[in-house]
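What follows is a set of notes on a single structure, which appears directly below.
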Amino acid sequence: MFEVRIHGRGGQGVVTAAEMLSIAAFEDGFYAQAFPSFGSERTGAPVVAFCRLAEREIRSREPIMAPDALIIQDPTLLHQVDVFAGLKKGGFVLINTRNTFAELGLGDALRDWPAGRLCTLAATDLGLKHVGRPLPNVPLLGGFAALSGVIRLESVCKAINDKFSGKVAQGNVAAATAAYALVRAAIETERQEVAHA
Amino acid sequence: MDKPFAITLDPGSSLANRTGSWRTERPVYVDRLPPCNNACPAGEDIQGWLYHAESGDYEAAWRHLTRDNPFPAIMGRVCYHSCETACNRGRLDEAVGINAVERFLGDEAIRRGWQFAKPETETGKHVLIVGAGPAGMSAAYHLRRSGHRVTVHEAGPLLGGMMRFGIPKYRLPRDVLDAEMRRVIDMGVEVVLNSKVGNLLATMQDGRFDAAFLAVGAHIGKRASIPAGTVARILDAVSVLRSMEGEEKPLLGRRVVVYGGGNTAIDVARTARRMGAEPIIVYRRTRDKMPAHDLEVEEALQEGVMIKWLSTIRQAGESSITVEKMVLDESGFPQPTGEFETLEADSVVLALGQDVDLGLLDGVPGLEFVDGVVKVDGQMMTGHPGVFAGGDMVPTDRNITVGVGHGKKAARHIDAWLRGTTYVAPPKHPLATFERLNTWYYSDAPQTVRPVLDIIRRQSTFEEVQGGLDETNALFEARRCLSCGNCFECDNCYGVCPDNAVIKLGPGQRFEINYDYCKGCGLCAAECPCGAIDMVPEDG
Amino acid sequence: MLKQIEGSRAVAEAVALCRPDVICAYPISPQTHIVEGLGEMVKAGAIAPCEFINVESEFAAMSVAIGASAAGARSYTATASQGLLFMVEAVYNASGLGLPIVMTVANRAIGAPINIWNDHSDAVSQRDSGWLQLFAETNQEAADLHIQAFRIAEELSLPVMVCMDGFILTHAYERVDLPTQEMVDAFLPPYAPRQVLDPGEPVTIGTMVGPEAFTEVRYLAHEKQRQALELMPAVAAEFRAAFGRDSGGLVRGYRLDDAETVVIAMGSVLGTLKDTVDELRDAGVNIGVLGVVSFRPFPSAAVRAALQSVRRLVVLEKYFALGSGGVLAADVQMALGKNGGEIYSVIAGLGGRPITKKSLRGLLEMAVRDELVQLTFLDLDRTLVAKQLARERQTRRSGPAAESILRDVHGTMARNEGKKS
Amino acid sequence: MSFQPVKFYQTGTFTVGNRLLAPEQRSVQAATSRRNSLNSGHRACQGCGEALGARYAIDAAMEATGNRMVVVNATGCLEVFSTPYPETSWQIPWIHSLFGNAPAVATGVAAALKVKRLKGLLGDVRVVAQGGDGGTTDIGFGCLSGMFERNDDVFYICYDNGGYMNTGVQRSSATPPAARTATTEAVGPTPGHAFGQGKFVPAIAMAHDIPYVATATVADLRDLEYKVRKAMTFRGARYLHILVPCPLGWGAASKDTLRIARLAKETGVFPVFEAESGELTGSSKIRHVLPVEEYLRPQKRFAHLFGPKPDVAAIARLQALANRNIRKYRLLDEEAL
């Protein structure tokens, strides 16, 4: 079982991201279960969504309390919500920001994490660039595919085409692909840095 | 359909619930006597014949009408239509123009040549009728219808009596009169003109008559004792009117004074007007006391007839008369004032009423007389068995409609008498009063105005003054009838019953109450336009 | 066809496969996505002919469905929570008139205090309404139950309520196998109404029935519910044969063999329970799960048969009758009679409170040790309620309980914040 | 108004029928073949205006639709007196669901019939819904408004007797001011129903811009039938509001049901008109305008206005309301003014 928690704000497509993640996982042959943190939050409010992936039927319906991975769509949440609550030691963390973990002041907290688990991505910029809207969710999925290696980029693209159509789908595919490449490159760089260290 | 128990039911099953048991009062259809019928001196079933006229079935209407009165074209012109005075519609807007519709039917019958049926069987009885006026000819018609042989003896040269000699042409064109007389003759009535019966019993014996009906009328003009100069021309109204029918018209001069206030006075004045005279009526009382029909007074005034109210003639000179002004005392009688006035007069026509020539009754035993007329019993029979009398020669209102009514009534009793029975009139229904009507249901519709001849021609010719209705407005007028007191199948009761408890039986069959379901709410009675439903308490 | 799909969408597509004639929609969370999906399909012509009616209230939604059903249309609507309560009069009416309407209830709590999250208060409040009430464990079952529901409803002339947990199922994306139209057509014949408003054969539907026949009417309605108990397993079996899946039926057991302790529950919590039971079994506890699919009619005989040699029962339900206790527990108790084992009634998941494996495991371990009290509220904040109760004992009028509790909750949070800083 | 009443001076304009009219000019109620949709044996009070109005309206609708029609009935007197098990008085396809949902049920029936038509299972069948004023203007108002705004193909008929008569004469939003009911008793300083309350649903119906809105009284059958016939020529939501006096609730003689309905119209208390797409298109003119007292006096529910000390002020206010109706709905013939 691989459990992902996505944090963001209302309007940023947090729930959609979880759903697309589940679709991508489904495409990759997983059983997947995506669900929102049920609420009546409106635009701007902190929002959480969940996605479970497993090799067999997922029966549990409890919220994800000890995620294997976190996707944080809005870095400003770091100071308002305990986004890391329950995160498994060494779990994946992907944050939408132009900054580094160190610049975010998270260096200390995640000090013990193995390499290749933490990554930041300027996903909003990618969304703006490829789709014309400041939506970070899809680029982050592309980046997450690269970071976690749990799902394939092709499956993310399939999920994108499942949810969107026409130019929006094309733009999102481009954004996800670009994000995938950026994260791959970042991880590679980090690995090399670690190797050189 | 597999219907769930109790929740779903077959349609109309509530017929099992007889709601008639709720009733404490039951509606009952009734027939009432319409006020028009009640008021008609000729006993016409006015509502009955209007019913057919409403349908546009004028022949049926005419036949229904002529069951009681064979002269609708005449009656439609000269009748003073007390029916219209009695008509309930008069209290709603204006009375139904019954008279106009009657005339329309009469004219229509003449135009189309409708005839009376001849009797199917002959009784072998022979009835003598003396006088071919309204009463006599009416009796002749009814008796002939009953299968009796009828012979009319008329003293004059023409049929019609007062209809001809008392009514001017401008009120009753002679072709109309002739046509309606002719139709009676065509039933097989024998007529002997210029045959004055001098001795009734002798005539009856000679002719082997089984019964006689006397209707000689009142033709002797009353005279008043007016001091008159030798050359003053004083005539009586009846003579003047009668002479209008002959070759030689009366010479009245330009300034004609007519003395009297009855219809005859008006007739004479209007006749004189048409002959180029300037008539002036001298009457001792006021207009509202005048016995003449107001419509005729009005028409006379329109035509230029002058009326000198509250005046009596004191003296007649060669070319003038002296009148005395009168005043009405407290009881409405005129009293002399001593004030006098002189009027120019080429002639004076007295229209002070008529007397009956009773000469033919000399030697008839058993008769009783009162005020110069013969007394008859409730069956129109004089004190002499088999001799009946009617019209102006018996105590009555003197007008043509009354005469026609007498003729019918006498004929019924004569018929019964000849058959050795007694005619008993069927009991009359209670009157259909205005209060019983639900007038909401009658659309607002004023009476149709009949065309009237233009005034110039009325002053110079004897053309008929009042025109008739055409078919459209005759129908309109007929349909203004409220059918007081008798169901005319308006379907209101059928419609307004909340319990569908009125059964419509079909055209002409009227309705029935279904007492199985009638709850006795009374809506049918309340909403019956003509008051033909009574609510009757259920037996307690 | 396998799809990774939102539960609401799966239900919408399943309903569409049933070829509904009339769909009435009124928005209320968490049901809304279902009718949105259907509305889109009708507008796009994917369901035709079909009338999709945006009504002005849930009361109207059920009323429109009543009219449509009585006129011979296959009728569907969906609601939740307050919406279900708002239509209650019509809910009873539909069953009283014997109209085979199918309605999804996306289960949600009932206020006040207003709460949009999941529990079973809405559906269970209608347990006496005369509707058949089926609870789905998964979105697959939710989809399948709708197909079965139309079949059952129309065979019996009774309305069926398909209950699925709001948000937990309705908003969850998971794998659902949706059948083809041909398969559904073969399983579900066209609607042949028992009674219908037809000018060709007029009837009066919906009479007033007095004391002389009302008991009989009610008895017959009850008898029909008993017929449903026979029909539902048969339909489920037929469904399995046609679609190759277990869905529906009356009850479904999990690891009941040799189970001394059995947890009984309805809806999506069964999944979490099964995971928990697996863990306990791994730890050597003889425990199983019995899922109740058909809450109404209540399958007493099936429950009895499934629990023949069980020592103790934990009846876990997302609803309770205030002032009385567990409703499902009472039904189970009635079903088992005096021969049943110990019954523990557990109230859990009210108003969307997550039911975690951790809490369940703790609960069941206590149950196995017979340490549970007769009525347990899972994860109840005892400190908080004790405090409120104490306050209320002091002054009879201490303001609305919900607000006081919120004050306490926020107070606690503020204190915690204070500790943090 | 496009309705040209039969001008027939003896009777035809106002009576139910007349032997002289051509069959096509006769009212539906005049025909021996009339449907009697509401059959004998129902349990309505003597002189019930609603029973009469319902038969008038439904028979006319049946005629207009060639008997291809379904009726939905709200709870109320009409429903109770017509369908107590084991008997029903209805001879038509008829359903009763609840007090407040007849418009919605009718919407459902119409939807079902449309689908069946599209499937080729059924020809054109129309839907009529009916209820009393309680079921229409109060408890069913939400559903009514919803049916209106969606413009569902339903003809809704409200039988207005100004109160909850089925439950024992309580006040409804259609109860007129000053009227005594069981919940607005004729006691205290302002006896009877308050002034300034209540609503006139035909005007609200017009505000929905639905194709056809009309009012009628049970006293004018021809007008009523014309309006039913007219309504059935439209598709979409239509509304007919019929004044049906209740002898029991109004404290009037059972025989006076129609008279009082007539007086309601002739005094201007109840405006009779029709409107298309929200615009007034015609009014039934008052024939002989009468003071409101004529209408009030025969009814015991207004008896407190006419005690030893008549409530002149209240009567004047009622007269003012009638005058307003006369102006607003143009109830007097302009030529006559």
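Labels A, B, C and D are assigned to the chains in the order they are written; within every chain, residues are numbered from 1.
Basically, a contact is a pair of C-beta atoms (placed from the backbone, for glycine too) under 8 Å apart; a residue touches a chain by one contact, two chains touch by 3 or more.
Please read these numbers as outputs of a predicted model, since none were measured by experiment.
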item	value
Partner chains shared by chain A and chain C (touch criterion as defined above)	none
Selected interface, B-D versus B-C, where C-beta contact pairs are more numerous	B-D
Identity of the chain that, by mean CA position, is farthest from chain A	B
Approximate Å spacing (C-alpha centroids) for the pair chain B, chain C	92
Centre distance in Å when chain A and chain D are each reduced to the mean of their C-alpha atoms	65
Inter-centroid spacing, chain B versus chain A (mean Cα positions, whole Å)	113
Gap in Å, rounded to a whole number, between the CA centres of chain D and chain B	50
Residues of chain C touching at least two other chains	97, 201-207, 209, 213
For chain A, residues that touch 2 or more chains besides their own	none
Overlap residues in chain B, where contacts from two or more other chains coincide	6, 9-11
Complex interface listing, chain D residues touching chain C	67-70, 72-73, 79-80, 83-86, 88, 90-98, 100-101, 104-116, 118-119, 121, 125, 142-143, 145-146, 149-150, 152
Complex contacts: residues of chain C adjacent to chain B	96-98, 157, 194-196, 201-207, 209, 213, 216-217, 220
Interfacial residue positions of chain C with respect to chain A in the complex	2, 4, 6, 29-30, 116-118, 165-168, 171-175, 268-272, 274-275, 352, 354-357
Chain C residues touching chain D - in the complex, by the definition given at the top	21-22, 24, 48-51, 53-57, 59-73, 75, 89-90, 93, 97, 197-199, 201-210, 212-213
Touching residues (chain side chain B, partner chain D) in the complex	6, 9-19, 22, 54-55, 440-445, 476, 479-483, 488-492, 494-501, 504, 506-508, 514, 516-517, 519-523, 525-527, 529, 535
